[in-house]
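For reference, the structures are reproduced in the following blocks.
You will see chain A twice below: alongside chain B first, and alongside chain C after that.
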Partner chain A sequence: MEVSKIHLRRVRDGTLVAADLFDDIADEHLAMWERSWLPAMRVALADFRRRHVPRDRWPQDLHWNWREKAVSARGLLGQQGFAIVCEERLQGMMQLNLTKTSRLPQQRGKEIAYIEFLAAAPWNRAELIREREFAGVGKILMRVAVEVSVAQEFKGRIGLHSLPQADAFYEKCGMTSLGADPRYEGRLTYFEMTAAQAVHFCTV
Partner chain B sequence: MKDRMPELPTPPSRRTMTLNLTDAEMDALEKLSALKDLSKTAVIRQALRLYQMIDKRSRDGQKLYFEHESTREKAELMLL
Partner chain C sequence: MKLNIPREWFEKHIAADDASDAIAGFPEFLANRSMAGEVPPITFGAFVSLLRRRESLSLAQLAARAEIDVSELQQIEADEVPEPSVVHQLAAVFDLPPKQLMRFSGLTAPRSSVVGEEPVPYAAHSANIGELSNDERDLLDALVRELNARE
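Let's turn to the complex of A and B:
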């Protein structure tokens, strides 16, 4: 497992804080997920229940089991996981699939880095906590996906299926929506980023 | 202040080998390389990813299907 240095922006004072980006979701990260991330999600859920927040506003990734996802991807060349750790806390995770191809007409059939799962830790999510610890974790993971795509000669092309709550985020990233995917009974919207969009995303 | 672009972890070290391919195999590799806009190394790497994934899923008891985009007709790819 390799690690590189990145920086996260602390919301409270705007400072950049050194963080580690791991090119794997290892047991230590899964232990952190179980020890702090999952309990924080449960606290948020209990709060939603207490305040009678409608179900459609609950986090739609509540059911994601990162241990199952990471373990099933181990040893597969077409799968790559990433974890961000800062101040000894897990801040976000992403699982990439490098075996998929594009659906957009202008790049149809070309390889893409497909984001299977991407999530920021609950303490970095505005919908779950009054004051987030770090901002931009999702965007950094998106940039990592673009960098992986470039490194694999996929020219920065990426794709993903978005949960409805995340549609606006991916639109803001400059991705093209191909609409609700009938393969997911229309529950998920499929997005892609072209090479040109990737350049723009990484430079603005 | 702008957020800094993440740098990927150092890529794993790589080893070089010589491939012995027939003319037909090299022709197929070159065509895929041109079609996919990938180097020959990247094509081989991609082929290995797919082969490994299909092999694992097959050994896990799963079947591989191709589905026609418009008719939704499915055809099983027999892996023996």
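Let's turn to the complex of A and C:
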């Protein structure tokens, strides 16, 4: 397992804080998920129930079992997990699938890094908590997906399925929407980032 | 893999007031359908085993054709991580696109394995060369089709 240095932005004072990016979702991360992330999600779930928030407005990852996802992916060729740790707390996780191909006409059939699952920890999410701790987790994990894509010689091409609530975010990242995916009852929007869009996304 | 993302990128792209939430992936209500229309995942070892049995080859016979050790082939079928060169040799024997065989969705092999050494000669010449069932044949056909379609 390799560790890379990254930076998150602390929302409270706007400063950049050093964080570790692990190129695996290891047992230590799953233990952190169980210890703090999962209980926080349960609190959020109880709150949504109490406030009678309609089910389709609930975060889609409320019931995600990262242990199951990570452990089953461990055996898979072409699967790669990532975890971000900052100040000894787990801040986000991502599971990549490197076996999918593009659906965009201009790059159809070419390999992409497909983001199977991506989520920031509940304390970093505006829809779950009033004062978030760190900003940038989602965007950084997207950047990581692009880096993996480049390393795999996929030229930065990535793809993912988003729920309507997150569509604006992916548009802002410069991705192309291929619209509601009929394979999933039209409830998920499929997005791809082309090689050119990836270059733009990574520009400083 | 080690990443080297410059600090300037974080400075420029991550604002504290950017409250957008990035979540991607299948929500629970669709989770069971996420594999719809896709070939069910099997391990790389199981795939090799199906291919071998389709050709009615024993472990020893396939190992000879692929020019690898019987013990190595047996480890692969027990889901040890195969060497890339061995994947290429197996691809050649079964006439499959090697690059896709390496990357094929759902083909699995644990990165670490606790599978011990089995007594090779017995397994090599007797066990597990039975004919494929219809289900196994359907699965194998679907996997091979998918593999070739991606090339």
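One rule holds for everything that comes next: the second predicted complex is superposed on the first by the 202 of 204 C-alpha atoms of A that agree within 3 Å, B and C clash if a C-alpha of one lies under 4 Å from a C-alpha of the other, contacts with A are read in each partner's own complex, and residues count from 1 in each chain.
Going forward, contacts are C-beta pairs under 8 Å (C-beta built on N, C-alpha and C of every residue); 3 or more make two chains touch, one makes a residue touch a chain.
The structure presented is a predicted model; accordingly, all values stated were derived computationally and were not measured.
Student: Let's test your reading of the overlay: on chain A, do chain B and chain C clash or fit side by side?
Tutor: Here the two partners, once superposed via chain A, clash with each other.
Student: Can A:21 be said to touch chain B (first), chain C (second), both, or neither?
Tutor: both
Student: What is the contact status of A:172 with respect to chain B (first) and chain C (second): first, second, both, or neither?
Tutor: A:172 contacts chain C only, not chain B.
Student: Which chain, chain B or chain C, ends up touching more residues of chain A in the combined arrangement?
Tutor: C
Student: May I ask you to decide whether A:2 touches chain B, chain C, both, or neither, giving the answer as first, second, both or neither?
Tutor: both
Student: Return first, second, both or neither, reflecting whether A:89 touches chain B, chain C, both chains, or no partner chain.
Tutor: A:89: touches no partner chain.
Student: Where does A:155 make contact in the superposed view: on chain B (first), on chain C (second), on both, or on neither?
Tutor: The answer is first: A:155 touches chain B but not chain C.
Student: Have a look at where A:110 lands relative to chain B and chain C in the superposition and call it first, second, both or neither.
Tutor: first
Student: Which partner does A:11 reach: the first (chain B), the second (chain C), both, or neither?
Tutor: In the superposition, A:11 touches chain C alone.
Student: Touching A:118 in the superposition: chain B (first), chain C (second), both, neither?
Tutor: A:118 contacts chain C only, not chain B.
Student: Considering only the touch criterion stated at the top, classify A:67 as touching first (chain B), second (chain C), both, or neither.
Tutor: In the superposition, A:67 touches no partner, neither chain B nor chain C.
Student: Following superposition on chain A, which residues of chain A contact chain B and also contact chain C?
Tutor: Common to the two interfaces on chain A: residues 2, 4, 6-7, 9, 14, 16, 21, 23, 76-78, 98-99, 109, 111, 136, 139-140, 143-144, 147-148, 151, 202.
Student: Can you name the residues of chain A that touch chain C in the complex?
Tutor: 2, 4, 6-11, 14, 16, 21, 23, 59-64, 74-78, 95, 97-101, 109, 111, 115-120, 125-127, 132, 135-144, 147-148, 151, 160-163, 165-166, 168-170, 172, 183-185, 187-188, 202, 204
Student: Write out the stretch or stretches of chain B touching chain A in their complex.
Tutor: Against chain A, the touching part of chain B is residues 1, 3-12, 35-39, 42, 45-46, 48-50, 52-53, 56.
Student: Touching chain A in the complex: which residues of chain C?
Tutor: 1-28, 30, 33-34, 36-37, 41, 43-44, 79, 102-111, 150
Student: Can you name the residues of chain A that touch chain B in the complex?
Tutor: 2-7, 9, 14, 16, 21-23, 76-78, 98-99, 109-111, 136, 139-140, 143-144, 147-148, 151-153, 155, 202
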